[in-house]
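Heads up, the next two complexes both have chain A, just with different partners, chain B and then chain C.
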Partner chain A sequence: MATSTLGARLTAPLEPARTWWWRRQRKVSPYLFIAPFFLLFLVFGLYPIIYSFILSFTKGFGFENRTFVGLGNYIHLMSDPRFLMALRNTTIYALGSVVLIGGLSLLIALAINSRSVKWKTFYRTAFFFPVLTSEVVITVIAARILDEQFGLLNAALGWFGVGPFAWLTDPKLVMFAIVLIGLWTWTGINALYWMAGLNGIDEDFYEAAAIDGASSWQAFRHITMPLLRPIALFVVLQAIIGSYNLFALPFLLTNGGPSDASLTVTLYIYNQGFQFFNVGYASAIAYVMTFFLLIVSLVNIKVFRGRSAPGE
Partner chain B sequence: MAVIHKAISKASARTQADTAPMAGTKRRWPVVSFVIVNVLLLIGVLVEVLPYLYMAFSAFKSNSEIFGVPLTLWPRTWTFTNMVQLFDGFPVARWMLNTAIVAVVGTFLAVMLASLAGFAFAKHDFRFKTPLLFLMLATILLPSQVLLVPQFQIMRTLDWFNTYQGLIIPRAVTAFGIILMRQYTLSIPNELLDAARVDGATEFGIWWRVVVPLVRPGLAVLGILTFLGLWNDYFWPLIITTNPKMFVMNLGISSLIGPYDFRYGMLLSGALLASLPVILVFIFFQKQFVAGLTRGALK
Partner chain C sequence: MTRRALLKGAVGAGAAVAGGSVLGSCGQAPNVNRGAKKTLNFWAFTDTRIAWQKKAFERYKKEKNPDFEINWLILPYTQMHDQLLITAQAGSGGPDMADVEISQFPRFIKGNVLFVDLAAKLKQMGEWDNLYHPSATDPWSWRGRTYGIGNELNACLLSYRHDVWKKAKVDTNVTTWEHFAEEAKRFHRDTGSYLIDQAYLDWSQWWMQTLQQRGGFFRQNGSPALDTPEGVRTLAWMQNAMKDGWSTLRPAGQSYNVALEQGKIASLLGPSWQFSGFVQQNIPQTKGKWHLMPFPRWEAGGARTATWGGTGVTVLKTSKYAEEARDFVLWEHTNSQALLTDFGIRQVWPTYKPAFKDKRLSEPLPFFDNQRVGAMIQAVSPEIPTAYMSPYWPETTSTFVRVGLTPPMQNLRMAPRSALTKAQQESVDTINFVTA
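Now for the complex of A and B:
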């Protein structure tokens, strides 16, 4: 390709006779290329953002005959026990995700990456297997595992003389059970993210540290941890945003119950918007959640970018 | 289990040989840590994978075996009744077809449109390019819930409920895809594009004949991620389909949870069918899969 065009450049006239269309299309084509995205974005992105902002200040059943209520929905939200319950549950799940999934997946990544482990590909594959399946499939399996009478988990605990527990019907246990399922689903993929970060660290840093007589803990503390900061930011942000999107699992497994103990924010938006057609209120919840996530994201970026790492 | 033990002892023998020249007390430690780390990891793998194996095998057990004692992993007697019941009672073939149409057509559209836009953003100058790029980046931060209620209304206005276009079009292009493809396209040398222009190629021709072949690895990564997302999605199909004939696999199975809990083997058969295609895709594209999934973390 390169040689033939070089030849063409030397022999052919510098600007061969171009049709009007050819010259025109060079100017127009970039716009045509981005048009599909921006057309779809206008219809399914920008318009919904603005429209749901307007909706969040109105009240009524469905989309017609809406009355303006100002900040009414937002004020109501602050004292709505169901919303507060959903926020609480979702925050439990998010904290559980960040601490348990983040920590455990880092340990697994370090273990797989260590010199003691030979079959790295096997472990990598096996651990992130659950990510391939959908929440619905996971629900079907989890229902069987967490069942009070016939569940595998209670059977396994029974061998140690513990339980049985009413995982899905005890309000105190249900969020814990859902955190467990989350742990099972998401630990593997997060281990993969950490491993990608670990593999990106230059071996020279460790060699230099070894020459300086650093212990492996010191090497981890002063080389690995600071250099993993961008990955940590990504893992934490993903866990938080994913947590606030939690929907199918509590919806199908417990339908938010018992007595709202597993109601999540997204599930509440769904209830209000698509079951009660309380679209104004649903929009207000969605907006509060967006604002909340934005703040959490900014705080995270601040924390993890706080001190710059060597080599950054 | 015996196989695993044998493998461990064999591999640890190798480690021992590797470290044998090392002096004194250090010699024993690699073996001990090797055993501990691997045993812990194998327990982890067992916990992660066992539920899926349980699902796969239980799809072929009778209900009395599933709910009976003792618990079994391998079926005592294989039965296809669950599958037969599933296909007899529900339009499962149609659900599979719907899912395949949505996932394949959606992935194709997403990949092509993202590559086109990515080409424009990487290699062309046009008015408002930078603000448009920033606008796109901003949409990545937005949680999808904010959009749901109005999107529902748009679907109603367009009368797209229970249609393929309703399932596919709203999710055909994502900002993430465009930014990913822009990143891949940036690495193509401009000389190559100019050479094609001198030869009289149109911009569309350049995209199709120069850019697309060169960014193929990027297309694979985006394609796999999109396919995985579309195949496994639940929320959007839940909102816009009401006719069981237009259900995707996930929605179909979820509609059985609850009222059909007593036919648990049938539910597990459905779960197995819903996850098999993605697992097959995974086996074919294992390398690109890992690349695709870690891509987001590294950027």
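Now for the complex of A and C:
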């Protein structure tokens, strides 16, 4: 009792001032700490998003003296052959990414995850390495490899009596070449995602399956694949979103050519916005693509979450 | 707060950060701390191009004793032009002077022009007629005003491997493109190599050969002019070269350098930055094996040259010291000694006619087997045809390559006229979509 009275006496004179300042500070300081992010986001994130939406309903060069055209840009977009070409090319790359990169990376992950494989860390590092390399460097290397006359790829194919191919100048081959470069760049990181998923599967499932006499294929089909569904969703979504943002590679490698054969949607947005200074139309394309990707993402989520995995 | 005010603040802060970091890395104090003398800012995208201007400014200080200094800031090509456009639109935060590359200039004349007109002062100085205008001022001119000035005389010449030509007994007195084609056919038949290749993924070759006939991308009013008789004739000549099998499509990347080095392709077209720059930089081992000659003509009395490329120095309207900036820019481009510095650094011939009185510009050059290249450039430069500029340069040139040039060069059954008509129509449609 004596102690608490002493304590009360010692703290009593300070209490009113400290309480007011302390409470206020405790309430305000967290907001002050996070305020810089929100301020920057407001100026450089939210404001451009809203402003570009407004711009998408206008036309004119640059940002001054703009004319309101309602849905004019959006209507024009639907019949713009260049946009449709860009969408087609980007979709080819996206399909290539999902099917080839997704499939190959899963195979690699399964192989590395196998008990019989040694030097797993080395393989993980080796496959991850292209992700660390700048896209500009990758493009420079790829241009050398794909060179029609002196490229490594044509030289290798030549040993089998195939080619040479004009990988970067033949309109029929250029997107295939870009998918090939994407395959080299992104397979490793996707394999790591799959491996993270594989490591998360409880061994008990496989032991139970073995006791029940399941074959390796049956275990893969009925245990591994269903339990990898969340990873599959992530890999596919990321591949699709990444693909529709493809810019640096075709920009540096072919600048969208020949004759738009490797034009991608983001490259077209860049052309319209920064080369032609037609920012209203560029904004409209960006918003259509945002909406398109939203739909694709929702469909993916629906497909991959359609059936529950064992144990769920 | 208005959007312009917001942009001003953001751009000012950004430029301060960018400028500060660059200056900081150079160990220089910000100009505001340097005392009473004012400091002008110059933005460029390559250190080689401003090397001579730095030396010119040292000379300017000695001769004119100006009351300012210059901060030289180099940014990457795209970033510099983008930032220049943004700061100029915002109204502050940008430089007083800037290098603007020819293909970037149209972005700055869409709507309100952001540069100071230099023509009146040049005329007042009595220097207007002393310039080779197609290279000095035309690429930065629009609606009768001149917004930039270039020191690089981009008179185009035909560079050829004289060792290869001599061995194959090619006539070095080719006078017309028709004559050239005949020689090229024989050369290909005898050697399996090509006298010249065809650029089909960029507009360079079509542009030079069309401009040579007084054609080009635009009419005087800035509207596209792709399907003119001159343009169709050039494209037909290029396509026929492929049909007849005596030429080849330009190899991409390193293959092109190798083909030139091996003499598989034995000629190229272009101005000094091509034959003095590109060739000497990429295939230095061919030193002494090159000769230059004027372009073969298209018809009797026609021009023997064209112009291609260039970078001009501009003065920004937003500059506080626009008058000082303009005076220096015009001085350095009309001072023979200053311009000769650039010849020493980059082997660039000047656009200022009186500078050619100096014999150094016509001295024999070892890379070209001791030819007197300067004398040849001086001889053909008065023939450079006028090239009209337009705000729609990016739309027109990209449509031209995509629709008008590459398809008929890859598909030889496609008629040149129909390809160019299609490109013309698409260019007009693209422009109308934004401007109508």
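Operating definition for what follows: the second predicted complex is superposed on the first by the 287 of 312 C-alpha atoms of A that agree within 3 Å, B and C clash if a C-alpha of one lies under 4 Å from a C-alpha of the other, contacts with A are read in each partner's own complex, and residues count from 1 in each chain.
We adopt the following convention: a residue touches a chain if its C-beta (ideal position, glycine included) is under 8 Å from a C-beta of that chain, and two chains touch if they have at least 3 such contacts.
Bear in mind that the values here come from a model prediction, so they are computed numbers and not experimental data.
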Touched partner set for A:Phe150, first chain B, second chain C, both or neither: both
In the superposition, chain B vs chain C on chain A residues touched: B
First, second, both or neither for A:Asn65, with chain B first and chain C second: second
Partner chain(s) touched by A:Ala286 [first = chain B, second = chain C, both, neither]: first
First, second, both or neither for A:Thr125, with chain B first and chain C second: first
Which of chain B and chain C A:Val162 touches, first, second, both or neither: neither
Touched partner set for A:Ile269, first chain B, second chain C, both or neither: first
First (chain B), second (chain C), both or neither touched by A:Leu192: first
Partner chain in contact with A:Asp260 - chain B first, chain C second, else both or neither: second
Partner chain(s) touched by A:Pro171 [first = chain B, second = chain C, both, neither]: second
Common ground on chain A, meaning residues reached by chain C in one complex and by chain B in the other: 43, 51, 63, 143-144, 150, 274
Chain C residues touching chain A - in the complex, by the definition given at the top: 3, 6, 10, 82, 89, 107, 110-112, 200-201, 249, 251-255, 258-259, 391, 394-395, 398, 401-403, 406-407, 410, 430, 433-434
Sites on chain A touched by chain C in the complex: 43, 51, 59-65, 76, 143-144, 147-150, 168-169, 171, 257-260, 271, 274-278, 281
Chain B residues within the chain A interface of the complex: 11, 14-15, 30, 33-34, 37-38, 40-41, 44-45, 47-49, 51-52, 54-55, 58, 66-67, 71, 113-114, 116-117, 119-121, 124-126, 132, 136, 139, 141-154, 156, 169-170, 172-173, 175, 178, 191-192, 195-200, 202-204, 207, 228, 231-235, 239, 250-251, 253-254, 257, 261, 264, 267-268, 270-271, 274-275, 278-279, 282, 286, 290, 293-294, 296-298
Chain B-facing residues of chain A, complex: 1-2, 5-6, 8-9, 12, 16, 18, 22, 25-26, 29-31, 33-34, 36-38, 40-41, 43-45, 47-49, 51-52, 55, 63, 108, 111-112, 114-118, 123-137, 139-141, 143-145, 150, 152, 155, 184, 187-189, 192-193, 195-197, 200, 231, 234-235, 241, 244-245, 247-248, 252, 265-266, 269, 273-274, 279, 282-283, 286-287, 289-290, 293-294, 297
